[in-house]
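The chains carry the letters A, B and C, assigned in the order they are written, with residues numbered from 1 in each.
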Amino acid sequence: MASILEGKGIDKTFGGLQALNQVDVSIAQGKITGLIGPNGAGKTTLFNVLSGFLKPDRGQVIFKNIDITHKAPQAIVHQGIARSWQGLRLFENLTVLENIMMSIPRGEKENSISTLLAPWTRNKEKLERALEISRLVNIENRVQYAVRELSYAEQKLVAIARLLATGAEVLLLDEPTSGLDEKTVNQVITPLLRELISQSGKTICLVEHSIKLVFHMCDYVFCLDEGRVVACGNPLELRQDEKLQRAFFYGA
Amino acid sequence: MDYLLHILIVALINIILVVSFNILLGFTGVFALCHAAFYGVGAYTVALLMKSGGFSFFPAMICAVGLTVCCSLVIAIPGLRVHWDYMVIFAFSFQMIIYHVMMNWMGLTRGPQGIPGIPPASVFGFEFESKPSFLLLCLVLCSAVVFFVRRIETSSFGLVLKGIKDDEVAVQSIGKNVTLHKIVAFAVAAGLAAVAGSLIAAYISYISPGYFDLHMSVFVVIALIFGGVGRIPGAALGAMVLTALPELLRFIPYLPSTILGGTRDLIYATILVFFMLYRPQGLMGKARQ
Amino acid sequence: MDLILHLLVDGICTGARYAILGMGFALIFNTQRMFDLSFGGIYTWSGFALWILATQLGLEIRLASGMALVFCFLLSYGVQKVYMSRLRKRSASAVSVMLGSMAIMMMMEAIAAIIWGGEIRAGRTGDAGIYKWGTIQISDIKFYTLLAAVAIFFSVRYLFMKTALGVNARAIASNPLLSRVVGLETEKIIIFTTCFGSAIIGLDAILVCADTGVYPAIGFQSMLIAFMAVMLGGIGSFAGAFIGGLLVGFVRTVAVLQFPTLWQELVLFAILFLIIAFRPNGLLGIKDWKSEV
């Protein structure tokens, strides 16, 4: 399993609290990796560090053998790592289509002048791509609506669409299924994630609370607790560990 | 009739000011209280170039735009890297610095005495000396500015600006450089304010620092909030109404001229007080989250 | 030599004045975490209140001062209850609060300008008392200002460290959301602290009115000074506001030595500009008081 994104020896402290303590994670290329743990374990903080929104006190983030620890977050997106947010952070006053269109990187035909002055509606290729992505997440019939008019479930789908639009190779998804009903999860999200791996060659890392989903979907799992990696392995191995069973896997 | 033309001309110039300010506050959500400073730099540049440098109108205007854009970078580059709260103060102190420079750099700006005797604008030999002809010039430039800003609003760049207003961090997470976008927005807004400055200098043919002080920056803010933050028609509406308001005061009988200034300020302040609480999106704006 | 000594004393006196302004604003800002500038209008009205009480109504100056101070507190309460509270509730955005409070200040100053015009109104008609030490002499007002500044500094610190109200206010300052969850009546505490801060600022207005006089625009100018004192001395630090005020006042007075009067204003703003560019948290400010992610 070639590792495409790695965090090595990551430490991060806030005020008096150590959020991450010597964390080592390795995300394998073309696979789905899971990140689980109780609330406050540091999962989102780790995502923040991997995606450049937080700089670690110590440690490195390596992407395709390049050290990206201190790069600006938007530069990291260009390199190929994109993340979604637990709080969605969509552009609520803009439409779904606008949210997706904005996230598509600048095409070859665009230069500074056209970016500044040409109406975005005229960019046929981007428009096609945006609609295609909206079809993929099953939100096509709502593209003209402002995001704040959508239901929570629909907004979550838009968040994923926006992530896909960036064209990044590695997708970090922060609780993509929380708040969604089982039907949507099973019929839309899960097949979509699988398709992204098999058809589009993406690499995915999920933070999830649903142990069931993680075991169902992930090839490899990291368990975080109080800022430390307490266990890692494939789902089958982890399931058999009794100590972990009691600590984490209630109801799995 | 002459009076009406005068109002229209000033209104058109103010429209340029408010519409360009809209790029910052309305589209991007950057509250910068220094628009009058850009206005002033533009005006003074044109005044000096035309009067002492023998420039004709358009070349002077282009230089004014260039210089004002450079000025805006002085404040944008350090100012936009810091948190919003600081940007407000930063812009405000920039406004005050520019104002004091205008007031005190006797050698260049003649301080409070201002610069009189600015020659009328002429383009290819045609002099825009009469009011109707200058009105035409204003109309053309104002339309050009509005068209330009509309194009920015509907462009990919404009979309990102609107995203920044909603959630800067999210904009970073889709791969856009927030600081760069803000700097460009600043530069464009400042350049357009310089266009307005060029017009006012050529029109009044005498400028002084008092016209480009904090008062004016606040006027622009109030006009935008009144008309509708984020919407170009709103900006234009606000500019027109607030330009006309003080003129209407003149027609009120028994209003002593000594309190004219205070009354005007009171009206502006009351508008702002009312709108901030009850209708912050302005007359034509859309309610936001 | 005498000139320098005189300037130093003058500088400290001005610094004391600015320190009072800074401390008042620091109280308001530290609790609210937002720029509520309405105290500028309250400043103007407090000054005029003293003028009316002392000269128009002929009250004895100390009594008038006390009444003006009470008026200041009540006026601030009125402004908060009628407008600012509602504004904060309706829209918690910092831009709204700043703009709205600025609008209130403008409104109050405009009304003052309409009623009383732009002339300077002084609250004291008689001669100033003078205090002397060797070659140094200062007017009684300046002396009181020095005392007031020090007294305010220590008493507010005590209040904020020891009393329940102070502790609560500090809690709100560091974590408004959590405070609300825990059950603190944030809005009430904010209102009270703001009125208290405004009263401190109003005290300076009263002193200035008695000393040199007030005019409608003075509120805005005092607001600027309070602002600079807090920005320079450090956001979120009360002691910083005190020191910031001292420094700003001192620099401004001493700047007369080097810079012609006209440039003094520019120097102050340039300092503010540079501070924000290079050290936005001020000298003693709290780092990371705003976190993004």
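Note that a residue touches a chain if its C-beta (ideal position, glycine included) is under 8 Å from a C-beta of that chain, and two chains touch if they have at least 3 such contacts.
Please read all numbers here as calculations on a predicted model, not as lab measurements.
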- Among the chains, which has its CA centre at the largest distance from chain B's? A
- Chain occupying the most central position, where position means C-alpha average: B
- Item | Centroid distance [mean C-alpha coordinates] between chain C and chain A, Å | 48
- So, what's the distance in Å between the C-alpha centres of chain C and chain B? 31
- Whole-angstrom distance, CA centroid of chain A to CA centroid of chain B, is 42
- Message: Two-or-more-chain contact residues of chain B, please, as numbers and ranges.
- Response: 169
- Message: Going by the contact rule already set, what residues in chain A reach two or more other chains?
- Response: 53
- Two or more other chains in contact with one residue: find those residues in chain C. 293
- Query: What part of chain A is in contact with chain B in the complex they form?
  - Reply: 51, 53, 72-74, 77-78, 82-83, 85, 89-94, 98, 101-103, 105-106, 110, 114-121, 123, 148, 162, 165-166
- Message: Residue numbers of chain B touching chain A in their complex, please.
- Response: 148, 151-152, 154-160, 162-163, 165-167, 169-170, 172-178, 184, 286, 288-289
- Note on the structure: Note: in the complex, chain C contacts chain B through residues 35, 83, 86-87, 90-91, 94-96, 98-100, 102-104, 106-107, 109-111, 113-114, 117, 216, 227, 231, 262-263, 265-266, 269-270, 272-273, 276-277, 280, 290, 292-293
- So, in the complex, the side of chain B touching chain C is made of residues 29, 31, 78-79, 82-86, 88-90, 93-94, 96-97, 100-101, 103-104, 168-169, 218, 221, 225, 258-259, 261-263, 265-266, 268-270, 272-273, 276-277, 280
